[in-house]
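Chain nomenclature is as follows: A, B, C, D, E and F, assigned in order of appearance, with residue numbering initiated at 1 for each chain independently.
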C-alpha cells in the first residue's frame, strides 16, 4: 500500500563517458530514467512506499529496468510486461559551455506508448494511496497513453487520491496545439501543478509580470489549487543557482537558493517534484518547496537520472550545512 | 571506382563488457556491424576499393556509422542520409559454455528498411565494379528492401557485375515460407551462393548425403554457379575448428582447418565472404576458399563485427605460420 | 509470503579486473555475495517469492547490499539495519592454471556475526513458507550466529517448513572440531543436506567407497532425508565438467554432465542449491538435481556471485540445446 | 578535388585519465592530433572536401592515424607510408589550477620529419584547391621539412592557391633565432597569418600598443594581407573567455566573446583556423573570425585534439543560443 | 639514514568513479593514504630521504601498501608486518556543491591500532634524522597507539630530533575530552604544531581574535615553538582559495594565496605539512609556509591522497608561473 | 648489498585492452618491462635484495619506470637519469589462435642504448653480490651497450660474482652474424647460460639430437658451466605446457611440467631465469630448474611483464597443489 503512485515511461539511457560526442564513443554508460520514475525514486529515498506503474517489453531491457526500479526502492508490482512494443532509449551527450548537453530520443513505439484504457487495474493500484503523480510527457507518448492518463486521473479522484502533474512540455513529442488540447482536458483534475512560465505562455497564452501572476492565471483557468515553479540561473553548463517557488491560495512562497556544481542535471525537476509531494503529504506548500529545492539541487550532483540522495543530506542541505568532509 | 559493391544495413552494436548479462550492465561497448558492411571491410583490408551502399538516419548515430565505415577503409559515397526511419541497434551478450551468446535486435523501422526502388542510382554505383555482394538479411528487412535488392541485382547483371549472396536465414526477421518465396526470386540472379546445409533444407527442402549433394541441389534448382559453406566444429563457446568448403562445376574443394580461440565470433561468416570474393576476383574458387577460411578464422580473434585483420597475417595463416611472437 | 526463506551473511566483494593480483590493482570491481543470498537469488530468478534474512550495518555499504538484493528479485523485508558491527568484505583474485583463484576475507565483526537469539521474528518470517535454507557458513560466523541458526531451524520445523542445509565447511572461519560439534547439533533438524564427501570425512569421519555410501552414512548418523553432492572435474581454472548427484530413500540419482567455460565460479554451489530446492518444492530429488546441475553450470558463466540466469535458459540447458546464437 | 589542403605531422596522443600525473598512470587514453590535421578536420566537419598531406611510418600506428583521419572526414589520399622514421607521440597531462596541463613530446625522427623536397606531387595535390594551410610547427620539425613547406608554398602560389599559416612557435622544437630565420623566408608567401603578439615580439621584435599595431607591423614586414589573433582570458585551467580578432586593410575586427568550460583545450587554435579559412573561402575576414571564434570555443568542450563539432552547433553558438537541453 | 621520520596508519582507499554515490558503484578506484604517509611522500618528492614507520597485516593488502610506499619514494624499511589486526580501509564519495564529499571509515582493529610500546626500535629509526612527524590521528587509533606516539616523541627528543605534529582532530575516532587529555600529554614535546583555530577552541578552549592570538595561546599553553594553520575559502566543492599562515617568536607570517580547482582535496593538509618541514629543515618558517602553501594547493589537483607533485612545479607555483601549457 | 645485480633496458609497454588490434584502440594499458628487470623482480619477490642497473631519460616516463621498479621490490639505487636519449616503448597486441600476439618496438635511441664504458661504477655495484644477470638483448641495443656489458662481465668476474646470461636473440634488433660475433666475445665469461636450441643453431651452428647434445656443444664451445632451456608445447595462444631443462657436468635435469592458462606470456622466460638463479644461489641446478619452471609457469597467469608472484605460491605449485580456492 503505497503513499504515492506514479505512472509513465522509463527508458534506458546511454551516454558516452568523459564529455565525448556520441560520434566519438566506443562505450556508453547505461542508466535508466523517466520523469515519473525519477519522482517515485525520490519519494522512496525519503522513506515513502511508492508504486511506479508502467508497461515494458518482455525482454532483457524491460527486466533491466524493473530490476533497477526495485534497486532504488520503488515497487514494480503493477508494471506490466508486454509482447508488443519496444524499450524506449535515449542517448545523452554531456556538454560544457558553450556546448549545451543534448539528447537523441529513440522511444517511438515503446510498450507504454501502446497502452490502452482498461489495461491497468487502477482501483487496486490506488488503494490506500494519497497522491498520484504524472508528467505531461506521458500523454504526449500517444493518444492511447493520453487516454490512460485521463482514466487514471479519474480513478484517482474517485479514490480520494490527489493529483500532481508536472507539465513538462516536450516539443520533440508533440506540437503545441495538440499538447494544449490534451493537457487542457487533464488539468482540471489536477491539484498541484508544476509548470514553467514559458510553458504557460507557449501552451495556454497565460502571461504575467511575475511567477505569481502566471500561477494565478493557471489557477483561474484550470482550477488547480497549487502551482510550483523552478528558479534557475544557469550561465554555464557546469554551474547553476537553483530554487523553488510556489503559489497557493493567493500567496507566493520561495525556498532558499542553492549554488550547484553540476554532475548530471537530468532529473533535477523530477527530484523537486518528489520533495514537493513529500511536503504536501503531511505538511504544506512551504515544506514542499523547501524539500523540493534541496532535492533538486542535490540531484545535480548525482550521476544518472535517479535521485540517489539520502534524507539526512536533504535535511542537512535545508539547514545550510557546509561542504566540509565529516571525519 | 570500386571492385566490389555491397548493400545492406549496418547497426550500432551494444554489448556489456566481461561476459555480463545485459541485466547486469552499467556500461556497454559500442561497435558497428552489418553483414554486407563486414564483408566490404574485409575486402578493403585486403586492398580493394569497395562501396558499401545503405540508408541511415540523419542523426549522430547515422554519422557515427559512416565515420567508422570510412575508418575501416570502405567508401560511404553512396550512403544516403534519410529523415525517416531510425538507426538499427542490436544488443549482444557474450556467453560461455553452456550459455550461448545471445542477441536482442532492435532494428525495426530502420532507415534502410524504408528504402524503395528508385532511391539508389545503381548505374552509377556499379560503374567499373566486378562483384556485387548482398546477404539474405537485407531482403528480410521489409518488402521494400527486398524489391531494392532485386532492383540492384538486375542492375548488376545489366552492368556485367557478378552477384554473390550469403543466404543467412534469420528466423527473427521473417518466416520460413516468406523467406523461401522472396529468396527464390533472387537466387536465379546469383553467381556465387554461400549457404548452410540447414538453410537449404529448411527453406527449400533440398537435402543430401553431404555438402556436395546439397550444393548440387542448389545449383540445379537456382542455376547458381558456385556454392560455398562454412565448416565449424564448435563444442564450446570459446573454441572452434573452422574451415570453408565449396562446390563448382561438379567438384568440391575444401580449405585447411583452423583451430580457433574465440574473442568475438560475430562477422566470421562475413569475413569468409570477403576472402571468397577476393579469391574469385582474380583467381578461382580454391583461392577464395583459402582466403575465406583464413579470414573467417582470424575474425574470431578480433573484437567487434569488423574484420580488422591485415593481408600479411591472412597469408601467413594460410601458410601455417605459428603462434610465436615475432621479436 | 515467500516460498523459501534463507538466512546468512552477504558481503561486498572486491576483485581486481583482468586477472590482476590484488597488489597490482588500481581499481576493484564491486559485486555482492553470500551463500544463502546467492541461493535466494537463484530461486527468485526461477519465479519464486523469496525472503533473505540478515543483519547489516546502517551505512552506505549496508544500503548497497539491500538495494542489490531487491534488484535481483529477492525480498529484503526482514533484513535488519544495525548500529553495531560492520559490513563484511572479501577480496577476490581470479586465477589461471597453475595459479588458483584466491580469496582474502575481511568479514570479522560483521553485523550479522553479532546477531543474537530473539532478534528475529521467525514466526512472522516463516509464515506461508515451505523451505528454509542456510549454509554451514552462518553458524561459523560466531557462537551467537550459531544459536540464531538453531533458533531458526526450530522455528521452521514448528511452522512445518522443511530445512535445507549446505554444509560448506570453511576452515578460515572455524576449526574442524568446533564445526563438527555445532553442525552436529543442527543437522538432526535438516531435511535436505548438501555436502561433499571430503567434508563428511573431515568433520564427521564418515567415509565410503562412493557417494552413495557416504550419503547413507550421513542419513544414518543425522537422520537427514536427502543428501546431495556436486560432481566436478576441474583440471584447469577456466574449464570444468560439472554435475549433481543425490541420494534419498536408498537410491542414488545423477544429473547430466555439463562442459563449463568459467567466467566466475563463485556461487556455483549456491545456484545448485537453488535448483535443488526448486525441484523439491513441487517435484522430487531428480528434478532438483536436474535444475541444480543446470543452474550450477550456468552460474560459472556469469560474473559475480549472484546467478543472473533465466528460467528459459536453465530449461534449455537441461534439454541439451546447443551453443549457437539465436538470430 | 579539395577546397583546402593542409600539410603537417599528426601524432598519437597518450593521456592518463582523470587528471592523473603520467607517473600515476596504469592506462592512457589514445587520441590523434596535429595542428594541420586538426584544422583539416574542422573544415571537413563544416562540409568542405579537405586533403591532409603527410608522411607516416608503415606500421600499425601509421595505419591507426590514417584510419582516424578518414573517420573524421578528411581525405588521406596523399598521405605517404614510409619505411623510415617512426610515429610521433606525445604524452599529455591534464591539469587543474594551479597546475598547468603539460606535454611531453616524443616526436623526434618521425617519418614526416624525414621528408625531402620532391617527395610530394604538389601539382596534383593542389589541383582545384583554394587554400593551403600549414603551421609553424611543420618547418620546425627538421630542415628537410622546412624545405618541403617552402616547396609547397611555392607550388600553391603557382597554382593560384592562397596560403594560410598559423605561426605557432614551439620552443621545444627550435630556438628563437633559427625559427625567425626560417619563418622569415616563408612568411612573404603567406596571405593569412595567425599569430600571437608574444610570438611577433619574441621572434621578430615587432611590438605595438595593441593587436592592431602589431598586426600592422607584421603586414608591413612580411606583406601578409591578413593577421588573426586569439583573445583568451584564462585565470583558471577549467575556465576561459575566448574570442578572435583580425586585421586586414588597415581595419580591425573582433568576434563575440565566449564563456568556455574546458574539457580539452588542445586544438582550439587549430579549430579557430578552420573557421577562419571557412569564412575566407566564400566570405570575408569578419565571417572567418565569427566562425573561428565559435569553433575555437566549442573545441574546448570536446575531448581529443580533433574538433568533433557540427556545423549546426557552430552556427547556433554564433547566434548566441543558450545552454538548455533541447527536448 | 632519513632526514625525516613519520609514524602512523595508511589505509586502502576505495572510491566510486565519476561522482557516484557508494550505493551506485560497480567499481571502486583504489588508492592508498594516511596522514603521515602523505607527508612523507611529499618530502620524498622534494628529494628528502624519508622513513614511514607503521604496522600492517601480513596479507596482500599490507603488501600493496608497502609496494606503493616504495613507489612514491618513501622507505618502508621499518614497517612491520603483523599477524594480528587488519588493513584499515576507507570509502570515499566525491561530492559537488551542495553535496559535500564524504568518507566512511572501516579502520577498526587495524594492525597499527594494535601497536604496543617496545615494538619499534626507535633508536635505530631516528639515527641521523632531523624531524619526526606525526598527526593527531595516530594517538586516536587506540590507547596503545597513543602510548607508542608518546614513546616515539621521547625517543625523538632524546636523539635530538625535532617534533612536528598536525593536530587533526577526528571526531569519528575519539571524543573531545579524551582527545584533549591525550594530546595535552603529547603537545609539550612538540616543536612545530599544525592546528586549526576550531580545534584549538574545541579541544582546549583556546580562543582569540585572530590566528595570531590563538597561536599565541597554544604556544603559551604547551610550549610549542611554532604554530601553523591553513587558510581556506571554500564556497564550493570544486573551487577553493588556499594559503598557509604561521606564528613563531611572536610574529605572524602568511604565504601567497592560490586559486585552486579541485580534483581531490584529500591529503592537501598533509602536503602542506611536507612543505613546512622542508622549509624548516634548512630554512625558516616563512620558507616552510611558502612551500607548504604551494604543495597544499598543488595537491588538490592530483588524484589520490599522495602528493605526486614535482619540486620544479612547486617552485614554479611559488614564483607565480602561469597556467599555459609549455610547448 | 644485493645478492644479484642485473643490467639492461626497461620499456614502457602499451597494450590495447580486450584483444583489440592497435588500430582499434582508444586506450592502452600501461605496464613496464624489460628482460633483466623482470628477472630482478622475480628474485625480489622471493626475498632477495636485487639491484637493477640501467639508464633512463630524466622525464616523467623515466620516473614512472623507477617508481615501479621500487614498487615491485627492486632497488633503483644505481639507475642513472640522463639528459640524452628517450624512454623505450613497446606496443603489444594480445592474440588468440590463429592470430599470434605481436609486438611493435619503438625503442631506438633509448637512454640506455647510449650508455658508454665508464659510466657505471661496477666495483660499487657488485660489492657483496653473488650473481650478475644480463640478457642478449642488452648488447643488441648498440655497440656502446655491448661494450658496457663486456665491461660489466669483467668487473663481475673480478669481484668473484658469477655471470648468468639469457641468450634471447632478437632479430628485430640485430642480424645473426653480428649477434654471433658479439655474443661470442661475451659467452666465455658466462657461468650459466639460458639458450634455446634454435638460437644455438641459428647463431653458432651448434646442433644436436636433443637438448643435452646442444648444451654439450655450447659448454664445449664457450666454456660455460651450465646450460638451461625452456620446454614449451604451445598449440594455442591461450594454452601451453611448460617445463625447464638443464645440463651441467655432463648430466641433464628436467623440472615438472605445468599446464598453463595464459593471461600474459611476456616475461615468462625472465621469471624462469629468476627461479634458476634463486636455485643456484644456495642450491643446485635441479633446485634452479624446479623454481624456474614453477615461476615461469605462474608468470603466464599474471598481467604485465613483471612476475607478481609470491614465494608461497611458487612452492605450492612445485608441490603440485591443486586449483581449488582456499576458504
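In this text, a residue touches a chain if its C-beta (ideal position, glycine included) is under 8 Å from a C-beta of that chain, and two chains touch if they have at least 3 such contacts.
Protein identities per chain, from UniProt: A, B, C, D, E, F = Sugar kinase.
The model shown is predicted, which means the values in this text are computed figures rather than measured ones.
Colleague: Enter the minimum step count from chain C to chain D; a value of 1 means the two chains touch.
Modeller: Graph distance in the chain contact network comes out at 2.
Colleague: Let me spell it out: compute each chain's centre from its C-alpha atoms, then which one is farthest from chain B's centre?
Modeller: With centres defined by C-alpha atoms, farthest from chain B sits E.
Colleague: Measuring centre to centre with C-alpha atoms, which chain is farthest from chain D?
Modeller: Result for the farthest chain: C.
Colleague: For chain D and chain E, what's the span in angstrom between their mean Cα positions?
Modeller: Here chain D and chain E have centroids separated by 45 Å.
Colleague: If you average the Cα atoms of chain A and of chain C to get two centres, how far apart are those centres in Å?
Modeller: 40
Colleague: What are the residue numbers in chain C that touch two or more other chains?
Modeller: In chain C, residues 17, 21, 23, 26, 67 touch at least two other chains, as defined above.
Colleague: Got a list of which chains touch which?
Modeller: A-B, A-C, A-D, A-E, B-C, B-D, B-F, C-E, C-F, D-E, D-F, E-F
Colleague: Show me the residue ranges of chain C that touch chain A in the complex, using the header's touch definition.
Modeller: Of all residues in chain C, those touching chain A are 67-68, 70-73.
Colleague: Applying the document's contact rule, which stretches of chain A touch chain D when the two form their complex?
Modeller: Interface residues on chain A, with respect to chain D: 18-21, 23-24, 95-103, 105, 170-172, 234-238, 265.
Colleague: For chain D, which residues are in contact with chain F within the complex?
Modeller: Result: residues 14, 17, 21-23, 25-30, 59-61, 63-64, 67, 86-87, 89, 91, 93, 104, 106, 108-109 of chain D touch chain F.
Colleague: Where on chain E does chain D make contact in their complex?
Modeller: My answer: residues 17, 258-263, 294, 297-298, 300-304, 308-309, 313, 317, 321-327.
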